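Dropping the structure in here first, questions after.
The letters A, B, C, D, E and F name the chains in turn, as written, and every chain counts its residues from 1.
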Amino acid sequence: MPIQEDYRRKLLTVITEAALETHLTRDLDKLGAPGYTITNARGRGQRGVRDAGWEADSNIRVEVICDDETALRIARHLKQHYYDNYAMILTLSDVEVLRPEKFQP
Amino acid sequence: MPIQEDYRRKLLTVITEAALETHLTRDLDKLGAPGYTITNARGRGQRGVRDAGWEADSNIRVEVICDDETALRIARHLKQHYYDNYAMILTLSDVEVLRPEKFQP
Amino acid sequence: MPIQEDYRRKLLTVITEAALETHLTRDLDKLGAPGYTITNARGRGQRGVRDAGWEADSNIRVEVICDDETALRIARHLKQHYYDNYAMILTLSDVEVLRPEKFQP
Amino acid sequence: MDPIILFFLLGLAAGLLKSELRLPQAVYDFVSILLLLSIGLKGGIELQKQPFLDLAPSVLATLMIGLLMPLVAFPLLHKLGRFARADAASIAAHYGSVSVGTYAVAVAWLATREIGYEPHLPLLLVVLEIPAILVGIVLARGLSSDTKWGDVAHEVFLGKGIVLLIGGLLIGWLSDPEGLKAIEPLFMDLFKGILAIFLLEMGLIAASRAGSLKRYGLFLIAFGVAMPLFGSVVGATTGWLLGMSEGGTMLMAVLAASASYIAVPAAMRISVPEANPTLSLTASLGITFPFNVLVGIPLYWQLSEFIHRTL
Amino acid sequence: MDPIILFFLLGLAAGLLKSELRLPQAVYDFVSILLLLSIGLKGGIELQKQPFLDLAPSVLATLMIGLLMPLVAFPLLHKLGRFARADAASIAAHYGSVSVGTYAVAVAWLATREIGYEPHLPLLLVVLEIPAILVGIVLARGLSSDTKWGDVAHEVFLGKGIVLLIGGLLIGWLSDPEGLKAIEPLFMDLFKGILAIFLLEMGLIAASRAGSLKRYGLFLIAFGVAMPLFGSVVGATTGWLLGMSEGGTMLMAVLAASASYIAVPAAMRISVPEANPTLSLTASLGITFPFNVLVGIPLYWQLSEFIHRTL
Amino acid sequence: MDPIILFFLLGLAAGLLKSELRLPQAVYDFVSILLLLSIGLKGGIELQKQPFLDLAPSVLATLMIGLLMPLVAFPLLHKLGRFARADAASIAAHYGSVSVGTYAVAVAWLATREIGYEPHLPLLLVVLEIPAILVGIVLARGLSSDTKWGDVAHEVFLGKGIVLLIGGLLIGWLSDPEGLKAIEPLFMDLFKGILAIFLLEMGLIAASRAGSLKRYGLFLIAFGVAMPLFGSVVGATTGWLLGMSEGGTMLMAVLAASASYIAVPAAMRISVPEANPTLSLTASLGITFPFNVLVGIPLYWQLSEFIHRTL
């Protein structure tokens, strides 16, 4: 059900500590992300329960829609800089977009 | 890993200005969306940073799960009515659902 | 665009009543979910509009990333225990993950 | 008119006219936390002045009301109203319990008129919250061994509303008077203002029930008006029999007449999940709450005066 | 200095220095709800004391200001500033309407100096909110039959700001004085403290406009300073012609000088969607609001004194 | 008992019993913003009355405490407690800094007893927030040229807590007395009530640390009790040497005895990310905060009296 040609992009989703928001968005700007969307979240993972009672226990859920290359670049950057020391997970999936030119770097 | 037959639906995700919420849900009702889910969001895109400091700078993230036809109808409607003048992006992806009959118009 | 081997997992998304949060997370712990992420939501479905004016009308959006088997186990459990009596929908989709070992039970 | 009531009407009007006015859920939570704590504190402070044993009769009588009301409501709803067993049981539980918001409006009503009342009424408010929940569960399930009473107790006693009310009571009871003075500006002086914001939101929520009201029709409306009237007679009579003042008698009427929308819905949703929450909340919030706030409270005062004059 | 102003400067500085300070949106909503209700209530209370018909001249004059200001601003923006038709119309509508925050700061300024003013000014505030929106739409679209005036009216009259202001007015007007006393601690005593928090947030928001300010350049800055100066003369003259006191004259200047950032942006976003909201909010919030709060208010007081002395 | 303490115990009990009580994060943010501003304002107002230079000795002494405490804590944690270098450094930084909540409780404790103290203590609170952070980073990293001190300074000075405290100080310092009067109802009269809500939430958060407490065991508990006791002696002695009153001496003890949970965690998370935040927050929030609030404050008062009597 393609809406138009060249319509496939990657959706990169990062769930991590709210304390990282400023740093993360700065990185995304530098790495050429065409945009991002953030929602507040809470959860549980390997680093225990983070129930959003206050700032230090809050998560954010960041979504970036972009081409494959940018997605890989961002994923590698996050893996290298944050994965060891922060509560963070990262997933990738395929989405169709309506205006592909919007999601180019 | 199908849970049952005829289990595939489209997931349409719209990220747009919070100011549109009332209008958008009215449109979704009219266009036969079987339901929708909304979360508050912030982000950056072509129209700049929208950091949810107050209503005018806030985004919403709207999800609709429905059949292909309805998804296309909604996507076309949004493209036509809102895309030029509002901060808005739109993606489509495939999901399996547990009770397919729920996601029929 | 696999980042590494054995990188595919299921993303299970549940949208349901906020009143269920404590019970649901307890169930997820028992059923071997390796983690979960929760965001606040509102919406409309077969059980009417739930507009998050107060607790009783609020939804949550729960995401679990896990292997196929766990996803099916959780889906079956939810279907059996909650589907008849609660506002709830459930979808499954495929995602690539960066550290697959994190999403094992 | 009382501005408190006007705030409720403003919310109701804004909701029915589909205005863009909405209060963030965090604001609703904040004002209801403040209200619950204030009411608890006020009760606890007064309890300091009272010999504890004297309260036994009123506590027992209140427990009886909490058991009686759902037993009256259930057959009405199940037989006459033809509601499913679970639905009837759940609605009955709501009416056996009590609405903190309605109580707060009644207290404000008395304060404006400088009418006194027995200081232990907040304790009775807490007491009345609970028994109807248990009756409701038994009505829905029978005394089956299936019910996990441990879980039910957890749900009931550790729900947000009860924890704040009881917590406030204990804090008020155990605190030094000077210490309490220092927190009065927030919990006492702002009480009516906070109540006004709360009622604005309740008006919006009540308005959002208008759709269901049409769907579930006349019987629910009739029940939502008749039940508080019946309850007020039960409550006022009990108050009078307990030898309460006119103000106290009126508040007993309010307690029995009001229907829960915090503690009971939360507990029923988990313990009797097959009951449709739309039915009970439409009755309790869409009909009985506005009825009590707009019409009931002055009526129950007249009832209390009448009883005290004639009996 | 006035602490209120310092709170605004703190927000501005924190924003410009990219500090981590952010207020949750629920807090912003809460304080602005309280402010709008307070201002409405204050107006309503004073209206109780007034024969209604006496107000007709000021209401009519205020409506005229609301029609005039956008008609002056539009050609400036469209012809001189070379803004697109929709953008010029939308900015014009913002300046024809009024900023509740600026009005609140001016009222606080007068209160500190114990200067009185006509009690019906909050009513005029409400009146001035609306006509410019309609003018703006007509300027953008012409009087085309396309415009769904029903929807526009809904957007305008049922927007959050207007509902709370008018609601507050009505509640203040219809309430018993004793009832009002009980809600004063929240709505009157806390007014300035709440205003301080609101201005802290407005400082943060104004700072976030700094980037756009650079982009849209000098003309917008000049317009954002000149327009309130012009407005203040129009407003003050009108106030004087209406026979108002010095305080009232100054507030009329403030009303005409200030630019909307609640009611008008919301209405324009829906009714004239092709107008770029960044332009109008940068002018209104990034330039005119700080200018009025920091420089304008004392200036408009001197203007009022000057007019009363010389004319 | 002091109701403030009871609110903390209520939160603790509700958390440990796994009740459904939760405060929205926006409410936590709102009350902590109000507290930080209030404390800053109070300090600034008092600073108006003081010749600035007189403060130099106390400021210097406080800076010394902030440098000393982490240097004492670090070897204890690293050598004795066998914590990794980064973890030991981070915990040490928490204990070298200060807890605004604990300070607020101590101030309320003194106010109830009408005990005075030196007006510049809020300034010292601000001063003590910062040096330990720098020491902690150096302890973790060495004086390597890698550390981006510009970023660290940004993180430290533009964090939310510091901005609000310093902002409040400046506003209090620069404002007209009459202007300040008008915002007192929010920032002064409500102070203790707001503090009560804050402590309710702190109780809930402290309770959520119970699990980690078990895991990290006895050493952390011992450290979390011994360190504030040691700190209180250092602080009280310093206060006495500076010639402070009994109240001031006690507050110096509280400053040195308390451990940060706002400014330091945020700064360490970014500057020493390999340190496990669970360890430091469990010590600071799960052990030291409750210890100080429940046991420490009266103890430090006795310590201050003792020093003043005997030395």
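The rule we apply is simple: a residue touches a chain if its C-beta (ideal position, glycine included) is under 8 Å from a C-beta of that chain, and two chains touch if they have at least 3 such contacts.
All of these numbers come straight from a predicted model, not from anything done at the bench.
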Fill in: For chain A and chain D, chains touching each
C, F
Worksheet item: Centre to centre, by mean C-alpha position, how many angstrom separate chain A and chain B?
Response: 19
Worksheet item: Quick one: chain E and chain F, Cα centre-to-centre, how many Å?
Response: 41
Fill in: chain C residues counted as touching two or more neighbouring chains
39-40, 93
Response to the item:
Touching two or more other chains in chain D are residues 20, 22-26, 29-30, 185, 190, 266
Discussion item. Applying that definition of touch, give me each pair of chains that meets it.
Written reply: A-B, A-C, A-F, B-C, B-E, C-D, D-E, D-F, E-F
Item to complete: Give every residue of chain C touching chain A within the complex, in rising order.
Response: 1, 3, 9, 11, 25, 29, 34-40, 65, 93-99, 102
Fill in: Residue numbers on chain B that touch chain E, as the complex places them
17, 19, 23, 40, 47-49, 51-58, 82, 84-86
Worksheet item: Across the complex, what residues on chain F touch chain D?
Response: 1-4, 6-7, 10, 13-14, 17-27, 30, 108, 111-112, 185, 189-190, 192-194, 196-197
Worksheet item: In the complex of these two chains, what residues of chain F are touching chain E?
Response: 24-26, 29-30, 33-34, 154, 158-160, 163-164, 167, 170-172, 174-176, 178-180, 182-187, 190, 266
Response to the item:
Residue set of chain D touching chain C in the complex reads 22-23, 25, 28-29, 201, 204-205, 208, 212, 261, 265-266, 269-270, 273-274, 277-278, 281
